[in-house]
Every structure is written in C-alpha cells, then in structure tokens.
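Shared between the two complexes below is chain A, which pairs with chain B and chain C, respectively.
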Partner chain A sequence: MALLRLAVPLLLLAALWEGAVALLHISPFYLPPLRQVLGSIYAFGPAYAQAFLVTLGEATVGFVAGALVGVVSAAAFHHARWLRDMLFPLFIASQTVPVIAFGAIVVLWFGNTLLAKAAIAFYLTFFPVTVNALAGVEAVDPRQVALLRSFGASRRDIWWKLLLPSALPRIFTALRLSAGLALAGAIVGEWFGASIGVGAMLLAALFNEQVVAMWAAILAAAAVGGTIFGVVALVEARLVFWRDEL
Partner chain B sequence: MKDAADQLDQLLTVGAMPTARPKLALRGVSRHFGAVQALAKVDLGIAEGEFVTLIGPSGCGKSTLFNIVAGLLEPDAGGEVLLDGVATSLLGKVAFMPQRDLLLPWRNVLDNAILAAEVEGRPKREARETARAMAADFGLKGFESHYPQQLSGGMRQRVALMRTFMFDRDLMLLDEPFGALDALTRAMMQRWLLDIWSRYRRTILFITHDIDEAIFLGDRVVVMSARPGSIKLERRIELPRPRDPALLTTPAFNAIKRELLDAVEEESLKTFAAGAA
Partner chain C sequence: MNAALARGLGGGVLLLVLWEAVVRLAQVPPWILPPPSGIVATTWLVRSALLDAGAMTLFEAVTGYGIGAALGLVLAMLLALATPVRKLVLPMVVVVNSVPVAAYAPLALLWFGTGALSKIVMVAFIVGFTVFLNALDGLLRVDPAAVALLRSFGAGPLGVLWRLRLPTALPAIMVGLRVSTVRSMIVAIVTEMLGSQKGLGWTIFEAVLQIDFLRVWAAILVASLISLGCFAAVSALERRVVFWR
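Now for the complex of A and B:
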C-alpha cells in the first residue's frame, strides 16, 4: 500500500516528463526524453551502480556520525549548562562558514578519501540534529521528570527511560531534514577532485556538455537521497509508532 | 498464576496493624519561595494504614506540601519530616501519584505499570508477571498490551494507580488523582479505590478539591488554611466502612460536610480578599 502510494506520483511525474518533451517539442538540450536518460543509465549500469554506492557510503557515514554527535551533544548540553554556554555559540558559528569553503579545507586535510566527503556530510548533519534533540529534551514535562525522581531514578534512568524517547519525534524530524543535507555534503565533497561518485559524474557531464548524462547523474543522486530518507522513515515508523497518536 | 496473586497479596498486606508511632510526621514544616511563604509551620501525623484526605483553597500550598512529602522539595530549616520516626530523604521512599496520569505513550499498560519497579532494578520479566496478576484488580484485564492513547481517562488513571501500587511503599501520596475525570467515572473510581485500599492496606495521603470526595474516602479530613498554608482543622470521619454511595445523602454525612464547608469557605474568602487587595 505504502509502495503504491509512492509509485503512483513517480509514474505520473515520468509520464508528465515524457509527455511534455514529446508534445511541446522541448529541445533535448534543455530536457532530454526520460527514456533516453533511463537508457543511458541502463547502458552504463555498473558505472552508475558504483557511483550510487560510493556516494551513498560517503553520505551515510557522515549522516550517522552527525546524528550520533548531535544526540550526544544535546545530552551533554542538557546536563551541563556551562558546557552549553561554552560550546553552543561555537556550533552556531561553525554553521556560518559556507559549506564550499569548509569543503575545500577538508579536502586539503583528508585528500580525496571517503572520510573527506563524510566529514562534509557530517558538518551539515550534526547541527540540525543537536538543535532538535535539545529542543525535544527541553520540552519534556517537568512533572514527568519529578515523577521519575520520586521513584528514585538516577539521571541515567531519566535520560534513557524518559528524555531520549520523548525527544525521538523531533530527532527524526531533524534526521529527515538532514538526509538531503548529508547527500549535498557528499556531492560537494566529490566536486573537489573525486573521480567516482554521483557528484563526480555530474561535474564530468557538465564539463562535457553531456545533457543526458547530467540528467542521469541527477536521477542517481535522487536515488541516493531517497534511499537514506526511506531508511530513516522506516526506522522512524518502527521507533516512533506512537507519534501520530499524541 | 494463582500463586503469583497470593504472593502479591502477602507482599501488599503487611503492616496493616496500627501502631502508636505515626507512619509519617511533619513537625513545624515551613517553606518559602523567595519572599513568598507557601507553608507556615505545618504539623501533621498519619498513622499506619490510615487514609487521610487533605482539602484547602487553591493556592494554599498543597502542592508544595506534597512535593516535600514526596522528597522533591526540601522544607525550610527548622522543619522536620519523619518517616517511621526517622528524619531522612524521602526521595524513592514514598509512592507518589501526580494529578496527571503522566503515562509514557511508547509503553503499553504493563510496561507503564512497571516503570517504578524497573527504576528500582527489579527484573522486567518478574515485574511484568506481578503487574499481570494485578491487572484484574485494577480493571485492566485484557488491556495489558494496549497503549495509553487507546484507553479512556478512567483507565489511564487506573494504570497510573497501578504504577503507584507497584512502587511498593507503605506510604502513598495521591494528588487529586480523579480531578480530571467526569463525575460518574469519578464516583466509580472512588469506590474502587476504597476497595483496593481495604485489600492492599496502605497508608494514604490524598489531596483533593472536592469535599464530598474527602469525606467519602477519608478516615480523617485535614483542612488547610489560605496561604501561607497550615493545618486549620482536622476532623475524624467515623462513618462506617465499607462505604457506599448512599452515604452521600445521609444526615451524618451532611453534618460533617456543613462543618468542613464552613471552614473551607472561610479560607477561600481570605484567598479571594488577598487577591482583590
């Protein structure tokens, strides 16, 4: 059922693409027909599959690291006010550095490795997760905390049994948001000289004015983003099953 | 299953004999918040197995008193809170139930009920067995795996009460547990609570706004004064138990109600006048 809900709009979009190109006589320079783009992906299947996996790997490593650091930071900031006063401004300042500038430095440091791209994906991910996790933890009803304390609960108990689960809906909102950001981070990272990956393909197609290949790279990028987002949504549905019922 | 229920009964019915030493004693308990004095020299003793109800005008410091007895707040220096004759931190020693049920939406009925037991370090499986055996008494049989969102207000309140009972303490503090329920559900819950109390026999301090409820439930009704709160009046309720709803319309009940109403109204007027001034 969920798959059907997903498939219908995708098929509609595909039909619209094909139909518009044929009916409005759009020049292939602006928008090549979809079947030509899909055909190109099919023809170079292994290359696209490799690019997909490489970029997915980079984005995922950065995304997972960013999510973990975000949640741990939120926990630390919640428990130690002084730490928050000291570090939170730095977190905000870090986000004012444009990702392109940050990307250049990271590639200088790490060279053309998976780590470099993951670092950029991480850089875009950890901040929204920190902010949302902290907001979620701070929104917990103080009477709920008082109740657990009256049972003799330690701070550790309160974190695991109350604060973290309560913050999960907001954490997942941030993760959905960050799924796209992590992909953007990985692609920007690839632009600094990577030879494999969706971002590298996109850049190569752009330089060679291969419009079909460009669109093919865009579809591959969408597939990477969709995969991360889909996994997040699946985990969310299992973990935060009570969200809609609040 | 039967054995578990028997064990549970034994576990829950100990200490029903009244003793000379009060279970809980407050001596000269005051509390300030900055310049505001919430409580002024409260003296109160509760005997083992006694059901004491506490009423007072809103803003009289009932919640402050409750938080102190629950161990969540410290009284001002000079005041003493004694549990079994010993001055000690009360955190984790008193089973406390706040106004709202505060159930966790990601835990089903059983897992919400065992929350306190789990915090104490009891193995989950064993705690769940105990809870399963108690579910029928709390009118939750067949709902063990439901989530709070799927339950009515009265049922949610019973889960919260079960959680409080499972936190196996001699002294229970109930803060307007039925305040949010409609009148019919409320009357049912009151009779049900008396039934549970007579079987499990705990010492209960029950806070309420409702004079009928205070008289119907209590062995003794304590009236608090307007802020700063202190004990204005204590009235022993010698109505026979078990009590049934017909009691609410008897002359004896009404006489007590008249007496308490006068006291509460006098204090409410003071609060009102202070607010208007």
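Now for the complex of A and C:
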C-alpha cells in the first residue's frame, strides 16, 4: 500500500514529463525526454552508482550527527535554563548565516574529505532537530513528571521513559525536514573542488552545458533524498508505532 | 533588562571573546580562522564594494521573495478550493520538492543566464514552495464544524476561504514567510557563486580564488547581517498580523 502511494505520483510525473515533451515540442535544451535521461544514467551506470553512494554517505554522516547533537542539546536546554538562555540565541543566529558561504572555509579546514561535506550537512540539520525536540519535551504534562517522580523514578528514568518518547513524534517531523537539508549541504559542499558525487556531477554538467547530464544528476539527487527520507520514515513507523492514534 | 536577554547577550559576548582569545593565543593563521576584530576591520576597509554586492544580492532576494510568496499563496488558495486536483497534484509537488533546490541551480543558470534573472527565479522557486506547503497545510486545518456553521449561514466556498480558512491559516502562512527569508538570501548567494558578475556570492567566490579569506569572512558577515535584518523585519510583521498569538 505504501509502495503504491509512492509509485503513483512517480509514474504520473514520468508520464507528464514524457507527454509534455512529446506534445508541446519542448526544446531538449529545457527538458530532454525522460527516456533519454534514463538512458544516460543506464549508459554510465557505475559512475552514477558511485556518485549516489558517495553523496549518500556524506549526507548520512552529517544527518546522524546533526540529529544526535540536536536531541542532546534539547535535553541540556531542558534541564539547564541558563544554558538555554545563553546558547539558544546563538543557535538561532547561526541559522541566519548563509552556511553555503562557509563551504570554501570548511573545505579548507577538513580538506576535500567526506568530513567537509558532512560538516555542512550537520550545520543545516542540528537546528530544526533541536527546536522540535525541545518543543516536544516542553509539551510534556508536568503532572506526568510529578507522578513518575512520586514513584521514585530517577532523572534518567524520566528522560528515557517519558520525555524522549513523548518528544519522538516531533523529533521525527524535524528529521524528515532535515533529510532534505542534509542532502542540500552535501551537494553544495561538493561544489568546492570535489570530483565524485552528485553535486560534482551537477557542476560538471553545468560547465559542459549538458542538459541531459544535469537532469540525470537531479534524478540521482532525488534518489539520495528519497533513500534517506525512506529510511527515516521506516524507523519512525517502528519507533513511533502509536503515531496514527495521535 | 530581563535575565534571559542578559544571558543571551552574555553568551554572544563570551563566544566573541573566546574566539578572539583562542585565535590570538594559539596564533591560528588567518586563513584558517581570522579573529573577529580582523573580520570587522576588513569589512570596514572594503565596505563600499561589500555594500554594492550586498545591495545586488538583497535586490535579487527581495524580488524573488515577493514573486515566490505571491505565487505560493495564490496556488495554495486555488488548491484548497479544488479538492480533486489537489489530491492529484500534491504528491507530485512533494516528489519535486524532495530534490534540494540547490540541485536546480545549474539548470536555472543555463536557462536564464548569469544575470539577476536566474537568481530571482531560484529564490522565487524556493520561497514559493515553502509558502505554498505551509499555507496549504494551514488552509486545510480548519474545524469542520466551523465550515458547516458558515455554510449554514449561506457562505459559498469563496466565503469560507476568505472569512474562515485565510484567518485560520495566517499563523502557518507567516511561519512559511519567516522561514523563507533566510532561505531566500542563501539561495541567492548559492546561485551567485555558481555564476554571476555581481553580488555577495560572487564576492565570496572571487575572494576564495584569490585566497583572500578575510574578505570571505567579511562577505559572510555582511550576508548574515542582511539576513538577520530581513528575519527581524518579517518577525515584526508576523507579530502585527498574527496579533492574537
């Protein structure tokens, strides 16, 4: 059923793409036929597979690190009011900094490694997770905390058995948003001198003015984004099994 | 001054002092991390060039923002009225949106050239998507009982949209508008870095090529100040419009 819900819009979009190109005589400069783009991916299969894996790795490392830091910061902010007052404004200010501008500097720091792209992906991911995790933890009814405490629950028990599970639905909302942001960070990070990856492919296609290759790279980016998003959705269905009752 | 504000300011000052101290004491070379004082000094030194570049980027961001916000809002209202079309279109929108906007930037450059137009299109694209998704979510999240009540008083779909759905959706729309401000600057800068002759993104790109990292930091500082200003302006507007919050 879930597969069907995913396949229908994809097939519709593919039909729309092919149909529009054939019927409206769109110049291939703007939109080449889908089968031509797919053919190009098929012809250079191993190269696209490698780019897919490299970018997926960069985005995933940054994404996981961002998610962990986001949840830990939320926990720290919840327990220490002064820490929150001191750091939260800085977190907000950090998000108005156009991180992409840092790309060059981050690559200078980490060299042209996986870590450089992961760092940019991390920078884009941690903030939405922090905000949502904090909102989720703060929304817990204080009476429930008081009840657990009256039964002798420790701080750690309260965190693992009440606060974190209660915040999970909101955390996953942020994670689904962050999946796309992490990918964006990885792609842009590759523009500063990387030779392998979806972002590097996009740039090469731009320099050579190859529209087919550009669309192929966009499809590859969609595949990476879809993979991360799909894994997040699967984990969410497992962990937040009560979601449909909300 | 309340305690939260004092602590917030304290945190900011502490960060700057720490940064300055670490750079000076550990003698970090400026190409790795320049001290804040050096960044401010460089910004002041090349202020006229940075102001020109900043004005260009701001122009692209604001123009694209206006177009994108208007389109996103109108589209959301149209789809809120037409349920069958929405059920067909929305999943496709989500699929298109799953590709990061940055991936479309090379296409925009190829189609619309390296002038301001390609940046405006890109900004309009991302702002439009963000506002559209937020607004549609808000427009659809109304109490069915309230809709039934308005209907019973003879309101048509347009009446329900104007009197109920739009006011209900205002907070969600304003959130979309606020989130979009920072994104519009980032997208304008990213597209400029890929290809342009003007603007902050171009300044950063050029400074990187010349290995002038103080100028990169100065451009980042100006870009952050502009986004912070836009963000504050939209937040102030939000408090005005959504006064009951």
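FYI, the second predicted complex is superposed on the first by the 246 of 246 C-alpha atoms of A that agree within 3 Å, B and C clash if a C-alpha of one lies under 4 Å from a C-alpha of the other, contacts with A are read in each partner's own complex, and residues count from 1 in each chain.
Note that a residue touches a chain if its C-beta (ideal position, glycine included) is under 8 Å from a C-beta of that chain, and two chains touch if they have at least 3 such contacts.
None of these values were measured; they are calculated from a predicted model.
Enquirer: Superposed on chain A, are chain B and chain C clashing or fitting side by side?
Expert: Aligned on chain A, chain B and chain C fit with no clash.
Enquirer: For the overlaid complexes, name the partner, chain B or chain C, with more touching residues on chain A.
Expert: C
Enquirer: Mind working out whether A:153 is in touch with chain B, chain C, both or neither, as first, second, both or neither?
Expert: A:153 sits against chain B, while chain C stays out of touch.
Enquirer: Touching A:99, do we find chain B (first), chain C (second), both, or neither?
Expert: In the superposed model, A:99 contacts chain C only, not chain B.
Enquirer: Examine A:225 and indicate which partner it touches, taking first as chain B and second as chain C; both and neither are also allowed.
Expert: A:225 sits against chain C, while chain B stays out of touch.
Enquirer: What is the value, to the nearest 10 degrees, of the angle subtended at the Cα centroid of chain A by the Cα centroids of chain B and chain C?
Expert: 100
Enquirer: Check the residue A:187 against both partner chains and state whether it touches chain B (first), chain C (second), both, or neither.
Expert: It touches chain C, and chain B stays clear.
Enquirer: Does the superposition put A:57 against chain B (first), chain C (second), both, or neither?
Expert: In the superposition, A:57 touches no partner, neither chain B nor chain C.
Enquirer: Rounded to the nearest angstrom, what is the minimum C-alpha distance from chain B to chain C in the superposition?
Expert: Minimum C-alpha separation, chain B to chain C: 21 Å.
Enquirer: Both chain B and chain C contact which residues of chain A?
Expert: In chain A, nothing is touched by chain B and also by chain C.
Enquirer: So in the complex, which bits of chain B are touching chain A?
Expert: 67, 70-72, 91-94, 96, 98, 100, 102, 104-106, 115-116, 118-120, 147, 149, 167
Enquirer: Per the contact definition, I'd like the list of chain C residues that touch chain A in the complex.
Expert: Those residues of chain C that touch chain A are 3-4, 7-8, 10-12, 14-15, 31-32, 88, 91-92, 94-104, 106-107, 109-111, 182, 185-186, 189-190, 193-195, 200-201, 204, 208, 213, 216-217, 219-220, 223-224, 227-228, 231.
Enquirer: For the complex, which residues does chain A have touching chain C?
Expert: Per the stated touch rule, the residues are 5, 8-10, 12-13, 16, 29-30, 82, 85-90, 93, 95-102, 104-105, 108-109, 180-181, 183-184, 187-188, 191-192, 198-199, 202-203, 205-206, 209, 211, 214-215, 217-218, 221-222, 225-226, 229.
Enquirer: What residues of chain A sit close enough to touch chain B in their complex?
Expert: 141, 143-144, 146-153, 157, 161-162, 165, 240-242, 245-246
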